[in-house]
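Chain nomenclature is as follows: A, B, C, D, E, F and G, assigned in order of appearance, with residue numbering initiated at 1 for each chain independently.
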Amino acid sequence: MVPLSHYIALSAILFVIGAAGFIFRRNIITVFMCIELMLNAVNLAFMAFSRFRGNLDGQLFVFFVIVVAAAEAAVGLALIISLYRSRDTLAIDELDSMKL
Amino acid sequence: MAVTLEKIPGQEERVILSMGPQHPSTHGVLRLVLELDGETVIRSLFDIGYLHTGFEKSFEDKTYSQGITLTDRMDYLAPLSNNLAYCLAIEKLLELEIPPKAQWARVLLTELTRVGSHLVWLGTHAIDIGAMSMFLYCFREREEILRIFEMVSGQRMMTSYFRVGGLALEPPLGWLDRVKKIVDRFPERVDEYEALLTKNPIWLRRTQGVGTISAEDAIAVGLSGPSLRGSGVDWDLRKKQPYSSYDKFNFNVPTRPEGDVYARYLVRVAEIRESLKIVRQAMEGMPEGPIKANAPHIVLPDRESMKTSIEALIYHFKIVTEGFHPPVGEVYQAIESPRGELGIYMVSDGSPKPFRCHVRAPSFANLQGLAKMMEGRLIADAVACIGSIDVVLGEIDR
Amino acid sequence: MSVDLENHAALKKLRAFDPDAVEDVQAFRGELTLFIRSTKLRRAAEFLRDDPELSFDFLADLTAVDHYPNEPRFEAVYHLLSIKTAQRLRLKVRLPGDDPRVESMLPVWPAANAYEREVFDLFGIQFENHPFLRRILLPEDWEGHPLRKDYPVQGNITRWP
Amino acid sequence: MEILLLLVLLPPLIGAGLNGIFGRRFSQAMVSAIGCGSAGLSMVSALASAWAFSHHERVFDHPYFTWIQAGDFVAKYALYYDRLTLVMTVTVTVVAFLIHLYSRGYMEHEGGYYRFFAQLNLFLFMMLTLVTAGNYPLMFVGWEGVGLCSYLLIGFYFPKKSASDAGKKAFVVTRVGDVGFTLAVALIFWTFGTVNFSEVFSRVDALEIGSHQTVLTAIGLLLFLGAVGKSAQLPLYVWLPDAMEGPTPVSALIHAATMVTAGVYLVARSNVIYAHAPQALEVVAIVGCLTAFYAATLALVQNDLKRMLAYSTISQLGYMFLGCGAGVFAAGIFHLMTHACFKALLFLCAGSVMHALAGELDMRKMGGLRHKMPTTYWTFLIATLAISGVPFLAGFFSKDEILAGAYEGPTGQPWLYWLGTITAGLTALYMFRALYLTFHGESRLTPELEHHAHESASKMTVPLTILAFFSVVAGYVSWPKAWGGTEQFDKYLAPVFGRSEQVLTLEAAHRPEGLSPGALLTFSIVAAGLGILIAFWFYLKSTHIPARLAERLSGLYRVMVRKYYVDEFYDWLIVHPLRDGSDKFLWRVMDAGAIDDAGVNGMARAAEGVGSILRRIQSGNVRSYAAWVLLGAVIWLAYLMFGH
Amino acid sequence: MESGYLTILIYIGAVVFLSAAILGMSAWVGVKRPTREKLSPYECGIQPVGDARERFSISFYLVGMLFILFDVEAVFLYPWAVVYKELKWFGFTEMLLYILILLAGYVYIWKKGALDWSR
Amino acid sequence: MVPVFYIFAALTIIAALSVILQRTPVYSALSLIVVLCSLAVLYVSLGAKFLAVIQVIVYAGAIMVLFVLVIMLLNAGRERHTEGSRLARWLGVPLLAAFLVEILSVIWNGLSSGAVAPPAPDAGPAAVGALLFRHYVLPFEVTSILILVAILGAVVLAKKQL
Amino acid sequence: MALSSDTLFLLGVAVVKVVVVLLVLLTAIAYIVWLERKLVAHIQSRWGPYRVGPYGLMQPMADGLKFLFKEDIVPLEVDRFVYWLAPFLSFTLAMLTFAVIPFGGSFKLFGHEIYLQIADLNVGLLYIFAVTSLGVYSIALAGWSSNSKYPLFGGLRSSAQMISYELSLGLAVVGTLMISGSLSLRDIVNSQTGTWHLAGTNTFLPHWNIFVQPVGFIVYFIAAIAETNRIPFDLPEGETELVGGYHTEYSSFKFAMFFMAEYANMVTVSCIATLLFFGGWHGPVFGPAWLHVLLPVFWFALKVFCFLFFYIWTRGTLPRFRYDQLMAFGWKFLLPVALLNILATSFVVAWIGT
C-alpha cells in the first residue's frame, strides 16, 4: 500500500504546478485550466484522506467539488467569451481594467 | 468564373465559404460563394463556366444538320429535348411540315426523356438530403428508358435521333412493346418513390418551407418549367404554345402554390405521371406513315433510294457536302424541356451554316432564382435548394 | 402564317405610347421584331412590362448578334413573353461597333442579370448600370470576346516580334 | 375528511396535468371544461369539508406518507386543517373558481389557451398545498410552487420583453424572501427538532413566556422576510407592479386575491411563534403599516389602471400585516378574505375594461365608460366602495377591525392607527380617482376605441356580479364591536388565534387607554368620506386642480411618479455593481475559490489579509493578485510551522 | 485494486499498442508522393480563402455549457437510481425537486432561444 | 498496485507540467485531460471507483470538452508575450519553491508513513449513493440551485453577445 | 505481490480474453462493413461486393490492405501531432468500451469461475459512458487540426451533436438502473433472468427490461444512432453538405480508423441495448454442458446482430435531418422525454415498493 504522505505530496506538487501556471501564464484560458489543476490537486488530497480515514465523506466532497467546477467552468468560459468579444484579446495582462 | 464575394465593411466576422466546383451536391461543376453568418446564408453568388465549351461559336461553323450532335451534349440528361428544340427551330425557319408518325415518335421520346431526366433529378436530390437508396431506385428505372433510346438511336445518351424534317431512322420493330412494358410498370414505381419520400417526416421537414420563392419573384428572375410551376404559375409551353402536335394529347399541368422545395418536388413527381400518360397516348395512337418530310433537298434520302435513284444520290451528296440553304431570317423556337423553357434563337443569312444560334438554357435562368431561395437559410437548405431547381451544368455553360 | 403583324397590339400600343421608340418593324414566320432606339429602350421596356394588356413580364432570353463588318455592328436581342396572354415579342437594339453600350434591363426584368453578364462576356457589349458586370463563363483574365465574328476561332495567335 | 381534503387538492392537479399534457389537442371548450370543472370540483369539496368541519374546534392533522427522511429530519406529506385553513381554502377556491369562469371569456382570443388553464390549475393546486400543508417543508413546496406558477403566468406573454422581464423580476425578488423562509425552517428544525405544525406549536406553547425569545424572534423575522417577499411588502414590493404584465385574470387571482396573501397566511399560521416574539410582531406591524401608506401614495399617481390596482394591493396587504402585527390575527385574515373578493373584482373589472378597449390601460385615455359598460361600472363601483371602507360593505368591517386592532391590539400603537387611518383616506381617494377617471366624465377615448368599446360577454360579467355580491356581504360575518356586534369571525377563529392573542395581551398588559372603539370607527369613516370627497372635487368637478397641484408640488410629484426612485435605487445598488464589477468580482471569487478549496486552514484568512493590501495596490493584474495570494500563503504557512 | 481493473489496464495497453501499430504500419508501408495540390486543404477545388480557423457561432459554446450542466445532473442520477429502491418516496421527492429546479433552468434557456439553431 | 501508483503519479506530474509549459492552449487542454484521466486511475487505486468514473465523465468528458470548444471558437493561438506583473515575474519562482518546501515539510513532519490504512470502504455507486442521498441531501439540493444559477448566468453572458 | 500459480493462471486467462476479444471484435467490425455494403446493396437492388472471395467475403481484407497501401497524405499546415492523435483516439476509445461488455455467462475451468467478459466492474455502465464521453475529442480535434473550413464545421457540429445526444443516451438508461439497482452490466443482465409473472401466472414473455422501459429503450436507441453519427443523424459527415465532415482531410489508414471506430461504436451501442433492454445473453438453453456455455453467446450475438441490421436498414431508407432540426430534436424532445421517463419510472417503482 502506498503511504498517505505520497499521495499528499503528489497533491502538493500538482497544486504548486497549478499555482505556477496561474502566475506565469498569460492566456486567460490557460490560467483557467491551471485553476482546474489546483482543484484537482485538492481533490486528490480529499480522496487520499478519505481512503486513509476509512470513510466516504471525502469522496463526496470531491463529488461536489467536481459539480462546482462544472458550474464554474460554464460561467467562467462564458465570461471569457464575452471578454474576448468585447476586447478581442485573451492576454490576461491586458484585461486589467475591470470593465466588460 | 472564379468570382469572389467581397466582405461587407463592418461584417468581417462573416465567413465566406466556397461551395464547389468540386462538391458532391452542386450537381457538376457549379460553384457557389456563400457569405455565412454562423451557418446562415446571408448572400450568395453562383459562379459558372467551369464546363464552358463554346457551343454557340461551334454552331456557326457547322451545317444545320451537323449542329444536332452538339445539342446532345448541352443538357446531357435530356438530349432528345435539345434535339427537338433545335430541329423545330430549323423546321420553322424552313416552314417544313413533318409527317404525323415522326411527330408522335418525337413526343413519345421527349416525354420519356422528361421522365428519365426527372428520375436523375429525384435520385440526386434525394441523395443530397441523405436518402441514398432513392438514387439507385431511380437509376434502375432510368436504365430501362435509356435502353429504349439505345434501341431507337443506337446511343444511350448522345442520341442525335431527331433530324431536320423527321427522325434519323425508322424505329426498330417491337420498340413499342418495350415502351409499353415501361409504361405499364412505371406508375407503381412512382408510387414506391412517393412512399419513401412524400410523407416521410424527415423529408417534409427538410423540404417544406425551405427555399420559398413567390410567383412574382419566380417570373421576375425568369424561372421556368417545374420550378415556376412549383410557385403556382400555370405555365407550360406544351399547353400554352403547343408544338410538335402536343395539342393533340390529353394531359394535365401540375402546379403547386407553395413555392418551396417540397412543392417543386411534388410538381416533378406529378409530371413523371403526366408524361407517362402522354407516352401511353403516343404509343397507342402512333400513326402509320413516313418518318421524314417529303423535302428532298433538305431531308436525306433513305439508303435504298440513294442506291437506286440518281436524283436521290445527288441530293444526298449536296446535303452532306454542302448542306441546305434556308431563307434569310430569324426564328425563336421554345419547347418545354424537363427543366423549363428551352429556346433556340436561330439567325440565318441564307448560307448552309447558321449565322447565329443562341440557346436559351432553362437551367441558366433557373440558377438566378437560387440566391432568392437561399437567402437567410442554412447551408443544409442551400443543398436542398440547388437540388430543387434541377440544374445541369452542361446546359448552363454551353 | 401571314398574320397581320403590322397591327399587332404591342406595336400599336407602343407607337401610341412613344412614336419615336420604334425604329423599324420586322415580321417573319409569325414572329414580330421591334427595333427600339437604344435611348428609348428603358421606357419602352417598362411600358411593355407594365401595360396591363401586354404585360410582357417574363424576359425569356437576352442575347446579341454580331453583323461584322456591317454597321451598326451589334444587335442586342430581347425575347419577351407574357405569361398572361402567352404572346411573344422580340425587341432589338442596334448598337455601334465601337464602344457598344446599352442600358441594363436589370431594374425592369431581374432575370436580365446573368444574361447581360453573358452577353458582356461573349460579345463585349457594355450594359450601363449593371451592378456586377463581370465575365461569367470565361475566366476573369480572358482576352477578347469569342462570339464576335472577328474573334479568331483558332485562338489568339501570338505574334513574334 | 382525509379523502375530502384530497378531493380539494387533487382536481386542480389532475386538471393541470390533463390540460398541460393533452391541452394542445383539446378544443377550447374541452380545455375550459377541464379547467373550470376541476376548480369547481375543488370548490365544492372545499365547501363540503368546511361544512363537515365547521363545528369542530380541534385540528385535523393527517400524515399521508413520509416524504423526506434524512437523519432526524422527517417531513411527511401531511395535511393540516383547522378553522384558519377552512377560511383560506374556501376563499381561495371560491375566488379561483370565479376567476376560472371569467378567464374563459377573457382568454378566448389569446394564444396558449390550454397553457393558461393548465398553469392556472397548477397554481390553484399549489396554493391549496400551501394552505393545507401540515408542516413547513410542505408549505414551502406550495410556496415555491405558487411562485413558479406566478413566474410562468406573469411571463405568459413571454414574447413580449417586458412580460418576461417582469417574470424574471418577480422570480428574483421573491427569491430573496425565500431565503428567509428556508433559513427560518432550518432554524425551526434546529430549535424544535421538528417541522410539523402541531408539534412545533405545542412545543412553543409549552415554552415559558420569555424563554427562547432570541431564537423565536429570529425565526419570526426570517419567516416575515419570506412573507415580505411573497406579499410584496417594503422593501421587496418592486416586483408586484411589474407583475401586471401577466393576463388580467392572473393579476386578479395570484397578485391580488391569493398568492400575495400567502405571506399573511404564513404569519397568521405561525401566530404561536409570534406570540412569543413580540418584537418580531412589532416589526411586522410597522412594516405593514408603512407599506400600506407608502403604496397608497404611489397608487395616487399611477395612470395605468392595473398598476394602480397593484399598488392598492400592496397597500391592502400592508393592512393585513398591520392587523397581524398588532396581534389581531383574525382581523388580518378577515381582511384577507374580504380583500380577496373585492380586489379580485376590481381586477376583473379592469380586465373587462381592458378587453373592451383592446388592451388600453391608461386611465387618462378613458372616461365615460359608465354607459358603455354598465355591469362593469356597477360592479367596479361596489368594489370601490368596499375597498374605500364605506360602511356596510365588506372592506369597511375588516379594515376597521384592523385599525381598531392597531390602536388597541396587544402590540398595536396609536401612531400605527393614525397612519392607517390616513391611508384609509388615501385609499378612498385613489380608488375614486380611478373610478371617476375611468367611468365618469368626458370620454377621452380615441375614435377607434370609442367604437370598439363594448360590454363584455356574460362569461365575464357573471363572475363579476357574483364577486360584487360577495364584496357586499362578506363583511357581515363580523359585525363590529363598536356597533354592538360580537365580531363572530374572531370568535370563530379563536381556536386558532385565541391562545396567541391571550399570550400577547398578557405580555403587554399595560396598554394605555385612549379613544373608544366608537371614536376609532368614526375617524376611519370620516377619513374615507374625505377621500371620496376630494376625489370627487378633483377629478369630476375641478379637474384642473390635480394638474396644478402636480405642478406646484412638482418635486414631490415627480418623486412619486418615479415610485420614490426605488427601482433606480435597486439598479444602483445591485444591478450596476454586478454588471460593472462582475469581471473583477469573478476573478476575486475565483482566486478565493481556488484558495478556499485548497482546504489549508487559515488560507482564506490569509487571502483576506492580502486582499486588504491589494485594495491599496490595485494593479488590476490578476497575476499580481495571484502572486500576492501566494505570498500570503507562504508567510502564513511559515508562521504555522515556525511560529510555535 | 481489484483484478478487474488490472485486466482492464492490460486491455487498454493492448488496444493502445494495436492502434499505434496500425497507424505506424500504414505510415511506414503507404506510398508517399506528395505534391503541392495534394497537400493543400480541401476547398472544393478552389484556392482557400481566408484562414480556416475563423470564429464560429456561439451556439456551440451554449450547447457545450448546457451539456456540462445536464451531465452533472445525469451523474447524480446514476447513484440515485442504484439506491433508489431503498430511498423510495424520499428519493422520489428529492429527485423531483432537483429535476424541477433544473427544469426551471431548462425552460428558461428554451424560452431564451438558446436551443434554436436556425435563427 | 504499488507500481501503478508511481507510474501514474509520474504521468500526472509530467502532464501537469505540460499543461503549464505548452504554448498552444489546445495542447494545454490535452495535457490537462491526461492529468484528469491519470488522476482517475489514482482514484481507482484509492478504491474510489465511482468517483474515478465521475471524474472522467464530468471533468474530462464534459468540462474539458467545453474548454476545447471555447478554444476552437475563439481560435486561441499561441499566447503573445505581454508585459505582466513584475511581482509575479521576480517573486514567482522563489515563492512557489518556498510554498512547495513548506507543504512538503508539513507532510513530512505531520504525516509520517506510519499511518496504516484501514480496510478500504466500499466505494461503489450504491455506497456513494446511499451516503449522498441520506446524509448530504441538502448539499445535493443546493447544487441544483447552483447549477440553475450557473445556467442563467452563462446564458445571459453568452447571449448578450449574439 | 507474490505471483502464485492462481494469480498466474488468472493473468493468463485475462491475456487470452483480451486477445480473443480483440480478434473477434476486429473481425466483426470488418464484416459489419461487408454486411452493410451487402445489405444496403440489396435494399437498393444491387449486388454489392461480390468479386473478392465468395459473396465478396474477402472484401474487408482487400479494403484493409488497400487502406494500408494508400498514400498517406498529411496536408500542409495541419497541426501534426493532433492530426495524428485524433484517429488514434477515435479508434482506441471505440475499442476500449468492450472491456466491460459481458457476452455470455460463465464456466468453470480448473476450479475457477471464468466469466465471458474482460472485466466486470461495479461501475461498468459508467465506465462505458466515461470512455465514450472522451470520444468527442477525437472528432473535435480532427476538425480543428485539419486547418480547413469544412472539417472544422464538421468537427464542431459533430461534437455538439455527440454531446447533446450523450445526455439523452445517459438519461435513457437510468430507468433500467432503477429496476436492477446496479451499474454492473452483469448484474443488470442477471436481473432480467426468467419470464414475467403476471397475476401470479407465468407468462412466456421473457423478463426483459424492454417491456417495462419501452420509452427508455426508444430514447436510448435514437440517441445511440445519433451518437454514432449514422443516418438520419449523420449530419457532421453529411457528404452532400460538408463533403466529409471532420475527416475530409484524412486519408489512408487514418481515415480507416475513423471508419472502424464508427462501426465499433455501432457494435458497442448495440451491445448495450441488448444488455440493458433485451436480457443480454439470456435465451433458451439446452443440450450438453458446452452448449450451455456457447448458446448464450449465440443468443447475445443474435440480438446484437438484429440491432446492427436495424441500423443498416435505416441507413438504406431514411433521408437526413437538417442540423438545427437535429439539435432541436435532441434538446427539445429527447431530453425531456428521457427525464419524464425517469420520473415516471421512479414513481412507479416507489409505488410498487410501498
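Heads up, the rule we're going with is that contacts are C-beta pairs under 8 Å (C-beta built on N, C-alpha and C of every residue); 3 or more make two chains touch, one makes a residue touch a chain.
Predicted model only: the values in this text are computed from it and were never measured.
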Geometric centre: closest chain by C-alpha means: E
Taking mean CA positions as centres, which chain lies farthest from chain C? D
Which of the two pairs, E-F or A-F, is linked by more C-beta contacts? A-F
Centre-to-centre distance between chain F and chain D (centres being mean Cα positions), rounded to whole Å: 46
Could you work out how far the Cα centre of chain A sits from that of chain E, in whole Å? 21
How many Å are there between the centre of chain A and the centre of chain G, using C-alpha atoms for each centre? 33
Show the residues in chain B shared as contacts by 2 or more other chains, in ascending order. 2, 15, 23, 39, 378
Among the residues of chain E, pick out those that touch two or more other chains and give their numbers. 5, 43-44, 53-56, 58-61, 64-69, 71-72, 75, 78, 82-83, 89-91, 94, 97, 104, 106, 117-119
Give the residues of chain A touching no fewer than two other chains, as numbers and ranges. 15, 19, 23-24, 26, 66-67, 70-75, 77-79, 81, 92-93
Footprint of chain F on chain D - complex, ascending: 68, 70-71, 619, 621, 623-624, 626-628, 630-631, 633-634, 637-638, 640-641
Write out the stretch or stretches of chain G touching chain F in their complex. 1, 79, 81-82, 85, 121-123, 126-127, 129-131, 133-134, 136-137, 140-141, 143-144, 152, 155-156, 159-160, 163, 181-183
Interface residues, chain F side, partner chain G - complex: 1, 26-27, 30, 33, 37, 40, 49-50, 52-54, 56-57, 60-62, 65, 68-69, 72, 124-126
In the complex, chain G touches chain B at residues 40, 43-46, 149, 153, 231-232, 234-235, 238-243, 315-325
Where on chain C is chain B touching in the complex? 1, 28-29, 31, 33, 57-61, 63, 65-66, 77, 79, 83, 86, 88, 90, 109-111, 113-114, 118, 122, 134-140, 146-147, 151, 153
